[in-house]
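Alright, structures below, take your time with them.
What follows is a pair of complexes built around chain A, which joins chain B in one and chain C in the other.
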Partner chain A sequence: MLEQLDVSQLSWARGQFALTAMYHWIFVPLTLGLSFLLAFFETLYVKTGNEQWKRITKFWMTLFGINFAIGVATGIIMEFEFGTNWSNYSWMVGDIFGAPLAAEGIFAFFLETTFFAVMFFGWNRVSKGFHLLSTWLVAIGSNLSALWILVANGWMQHPVGMQFNPDRARFEMESFWQVLLSPVAVSHFVHTTSSAFLLSALFVVTVSCWYLLKGRHVALAKKSLAVAATFGLISSAFVAFTGDESAYTAARVQPMKLAAMEGLWDGEVNADLVAVGIVNPGKKPGDDSDPFQFEIKLPYLLSLLANRELGSFVPGINDLVYGNAEQGIEGAGDRIARGKQAISLLATYKQARDEGDAVTAEAVLQQFNQVRDDIGYGYLSRPEDIVPPVPLVFYSFHVMVALGTLFPLLFGAILFFLYKDNLSQQKWFLRLGVLSVFFGYLASQAGWIVAEVGRQPWAIQGLLPVGVARSNLTTTTVQMTFFMFLIIFTTLLIAEVRIMTRQIQNGPEGE
Partner chain B sequence: MGLATQVVRFYVDGFRSMRLGRTLWKIILLKLLVFMTVLYLFFPNHLNRRYETDQQRADHVLRQLALLPDGQQ
Partner chain C sequence: MGNLDLAQLQQLWWLLVSVVGALFIFLTFVQGGQGLLLTLTRDEDEKTLIINSLGKKWELTFTTLVLFGGAFFAAFPLFYATSFGGAYWVWMLILFTFVLQAVSYEYRRKPGNLLGARVYEYFLFINGTVGILLIGIAVGTFFTGSNFSLNAYNSVTWHNPGRGIEAAFSLFNLSFGLFLVFLARVLGALYLNNNIDYPPLVAKTSVAAFKNLLYALPFLLYVLVRLLFMQGYAVDPQSGTVFLQRGKYLANLLALPVNGLGFLLIGLVLVVLGVALTYFKGSRKGIWPAGLGTVLVVLAVFAIAGYNNTAFYPSRVDLQSSLTLATASSSHYTLTAMSYIALAIPVVLAYVAYVWRLLDARKLGAADLTTGDEKY
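And now, the complex of A and B:
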């Protein structure tokens, strides 16, 4: 039987996963982006033969190594959390996630034992060309490694290429390519990796601007800035383009998430985009209160973003909760009814199977298959349960977009001042540059909040709510491990910051 | 010198020449020890601990899925 839902335990389990994922995401984007910056620096060294580029490559490689060493294995925790806190979910997705996670493990293992070693130990011991190849392979391999994790996450947002097997209580993969090439997985991967590139460029900007403010390692800082700002500018364009694609995809497969991102309660034709706003925190589905206490809107742009068509209709939260017959949108109430029917049929199927009544089991299974796509809704009590926390999703989305709009201006200004050869004189600007990586992290973490909180209440979109995905543990057990990880991860973060700052203070001579 | 010897020497010399790397390796090993201890003690696989076979695990999850949230069948 469905074990008694302990809401507090569920919240702590979700909080614990969010904690580990957010700490993990402090280290990962730097690995993904810095690896490419190392490849660019070293390519310039090999192309020009200028020893200064080698010195620059080795300096950033040391910082890359520190980040990698502190961050490695922090993702393992999440895999164990699946088995402990989310055992139903873990069992059900084992067949889908097995292949991507195994591929990730193989990539990581071969990279870390071979090309990482060549990259760090191979200076003057292997040819320049082979060393450069190793650096590029580390960059490409690290990012391919991230592909498999993001494909798994993309599948949770848009489950395709599978079928539910009631005998094994598992989602079984039917098409690997559908899972890999799902539009959500693809846009998720390119948006996430390009945002990691942008963040790494900001990291280089922060350190280099600090050097320029202090008047130390000026040549290293300027050369690093030229490469990082160019990379950051290009990455910013990718982030904007892929972000637009992500919103377009969300409008197709997760319209509730898009409505929450924009605080759109009632659907509109020619829907406006809220550029800046303060949401009404007390707003509930179906009530008549104003959604915003203050807002500045850009006309028609939400319709353009969602459908790439100015005059199109964008469904709001109320349309998705209660339905909108005029626009052909079914409310959650109907889906809940079908979901409950699916659950009931599943119970009948199990009973018939257990009693060896193959004829009844087969007949019930056919009925179940007609309503199985709504099974997740059957675990919800009321239509309003499909609404995620709107203020958190709205503000996270707008913080991410606002910062994402400012970063290319920062990169552009750096390139302009470098071209004018007066960057060192712009003290105010250099101070802003020093702070930039913190804003980068804020935007990056906000992006994950949009992706993950915005799809609540689902662990697997439409099929499995988080309340059914969890294990039946005591709240105390989850609380205890929550604080344990909080202490461990905070210690690791302090270690990273201390070692990193000491190495930055030492500069390239301190390798 | 054979290829295998060259590879082994490459790694041995690499590890010997490390300075900051030694501190980082100590952190990695300590971290893995702490992680493994915590995970071993507090993060058992819930289904593996409670059930012996995959069929039992599947039945458990199916039982969870097949009942209505209010406990009615």
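And now, the complex of A and C:
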């Protein structure tokens, strides 16, 4: 079907997408969360008429604007990269994937950008009420934008509502609502946006704690902290709840990802959860070596997490690669064999159709329909190809969960010290607060590594491997754009951080 | 809408993509204004006024470009896959110029911006000239064709190492690109003329609109003459076979008397009228006829590229790989679902227009240079 796979080009293309996505995700969480914080601050201003809240709103709005610009800059690349670097993907699933992207443009982007202009330039040009409405619409628009792209990403994790069309060699949508309301997409959206809210709350915590340590803009810092810590605490609850839901759905639709997250090589009834561990990096599917060099396990918890049922079986990597007849799990080898049969039948069908041999075409099509669900597996060589990089997924997952557990404690402690009115005296705690946004970024990026690396080798889970999804480009071409992106985004990031820190040092206007 | 057949939906979606494309080209007055920034301004005050005038609109242009991409992806995914994955360098360079633009308004005057204000002004200039030139070159290939072929599974192979850059060596494409660059500058000058109340700039933008229209004319004439006589990529409606036909685009103009020839002629007249009213009559509203004219011209260009049994993204290497509305489109189900989503477009246009009027009710002037308002 496709030219011989150029692994090197594929690696660079994946690297480029990861690079642009990770850069983009530095800025997006702040846009998603700060936009709501701005709306909260401005609502307090309009409700109370207290000018202090207006100054607070304008101060955080300045930082929001600096971040927003580079978020937009990195975002446009993401959209077009689907076409430039993943052109087969664009064709094979464009019928489904393109729709949420266009909806994002129509419903979200214009709302966001139109009212962004009012929010920034409208203080003296529109009424107070309309300005507040605009700030809320920016928040809603930004998060609507996240909804559509995360629906699209959720669909990649768990493709539903579509069917393969052999005549056009692509997948076609059969139910827009199934795509939009897929439980995976919904939990993916809520988990990602609430984690973004949490991260933006940490950003406010970092800046405000720094002010308190320096004894500057104390009133602004405390007021900002009160709102941000409350927002962060509520968001943490959503993150935890939807995180649990994500693991539960992963057990159903991406069991390999869950096995990699937990470093579970051999499935178990009453499986233990590895709380802390050092994985054996040389461990390969089917070998007898110990999966861990060191681990601390919590008994039975993985079965509970994955199936919400004690005594349940959680499949391991080896079960999924080689099959487990006892548990009714089919190995990847059988699916690869059927996939290769599907590819061959598709070629025969197309040839018969082109030659006008309708009878043969119909007969072959019926055979193809028996095995078409496994067509994606046909592009894999060995059963072991379905295993993602286990150490990276395992560590990312554990870093995310560990840090995610600490954040609500941080927010709770801030609110406690604010209530006791002695936060400014807690120097050690304020220093921790200053560092908190960096831990937030670590957890957030780790979360995306779990989501995206954890589903390798698939671009579309179970249907389309990344090797088939790519564009037909030379390695040198992709290398060149990779380094162009690296240089330009790094330069712009340095500029952004410098501008941001200078604005923070300057503090709000009029103080 | 649920009763439309696939061919009707394909036509409808070509129209919707055309409308978004036409609005985008109108909104490139932002890029045109950026192109004028370095040459039109005498001091920092003038620069600040121009930047702040354009700064309220740049995201609208940017977002329209993103929507243009999204609409093509959703409605004609094979074009998205073929052109973006094939003409890689052209699109990448276009995107790079938009990345540079996106940060420049915000960062230009901020302390600690690493590169200095001048560099960000050059970034805006690059976006306003190179970016638009490359977009024009890419659109030119709708008529001159590109070097690709598709296999039985619609996987694209590009047959030129330039990966799309080779299109810049066609005089037609290059002229199309330069026409768009000067048109954007005309629109930029007219927009600034309308939006800024600062006498020195009002006079200079009026002259700039006129001069840039003159610069645009030879390229426009070349494009029009070539369009009338060049070979076009026709499609046999029965078999779907693509074949070369001399005078195809002239035939399309005549076959589409309203949205082809009519829109083209009325559009061009309106653009000239907008400039003439500004330059000769001192009107400050030239942007509106010129803007409407631009929209009509682009609609006509898209109409003759895609309608009347024409391959809108032709292949020079393998005629039968050329993309037509029928071969490149999404399924009936997706186009129908997307059509319901598109019903929101008038609502979007309405609130964009409302906010535009609201923010521009008072023109930018000398007083705005000193107020405490947020500004770039």
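Rule of thumb we're sticking to: the second predicted complex is superposed on the first by the 501 of 511 C-alpha atoms of A that agree within 3 Å, B and C clash if a C-alpha of one lies under 4 Å from a C-alpha of the other, contacts with A are read in each partner's own complex, and residues count from 1 in each chain.
By definition in this document, a residue touches a chain if its C-beta (ideal position, glycine included) is under 8 Å from a C-beta of that chain, and two chains touch if they have at least 3 such contacts.
Note that the structure is a prediction, hence the values are computed from the model and not measured.
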item	value
Chain C versus chain B on the shared chain A, clash or fit after superposition	clash
Which superposed partner A:296 touches (first chain B, second chain C, both, neither)	neither
Chain A residues touched - chain C or chain B, whichever exceeds	C
Chain B versus chain C as contact partner of A:65, first or second or both or neither	both
Chain B versus chain C as contact partner of A:167, first or second or both or neither	first
First, second, both or neither for A:343, with chain B first and chain C second	first
Touching partner for A:115 - first (chain B), second (chain C), both, neither	second
Partner chain in contact with A:378 - chain B first, chain C second, else both or neither	first
Which of chain B and chain C A:278 touches, first, second, both or neither	neither
Contacts of A:88 with chain B and chain C, given as first, second, both or neither	both
Contacts of A:477 with chain B and chain C, given as first, second, both or neither	both
Where chain A meets both chain C and chain B, residue numbers	1-3, 65-66, 69-70, 72-73, 76-77, 80, 83-85, 87-88, 90-91, 117, 120-122, 125, 168-170, 350, 471, 473, 477, 481, 484, 488, 492, 495, 499, 503
Chain C residues within the chain A interface of the complex	56-57, 59-60, 62-63, 65-67, 69-71, 73-75, 77-78, 80-86, 88-89, 91-92, 95-96, 98-100, 102-103, 105-107, 110-115, 152-158, 163, 330-331, 333-334, 337-338, 341-342, 344-345, 348, 351-352, 355, 358-359, 361-362, 371-375
Residues of chain A defined as touching chain C within the complex	1-3, 58, 61, 65-66, 68-70, 72-77, 79-80, 82-91, 94-99, 101-107, 109-118, 120-126, 130, 165, 168-170, 172-174, 176, 350, 354, 471-473, 477, 481, 484, 488, 491-492, 494-496, 498-499, 501-503, 506, 509
Chain A - residues contacting chain B, complex	1-3, 5, 62, 65-66, 69-70, 72-73, 76-77, 80-81, 83-85, 87-88, 90-92, 117, 120-122, 125, 166-170, 340, 343-344, 346-347, 349-350, 375, 378-381, 467-468, 471, 473, 477, 480-481, 484-485, 488, 492, 495, 499, 503, 511
Touching residues on chain B, where the partner in the complex is chain A	10-11, 13-15, 17, 19-21, 23-25, 27-28, 31-32, 34-35, 38-39, 42-48, 54, 57-59, 61-69, 71, 73
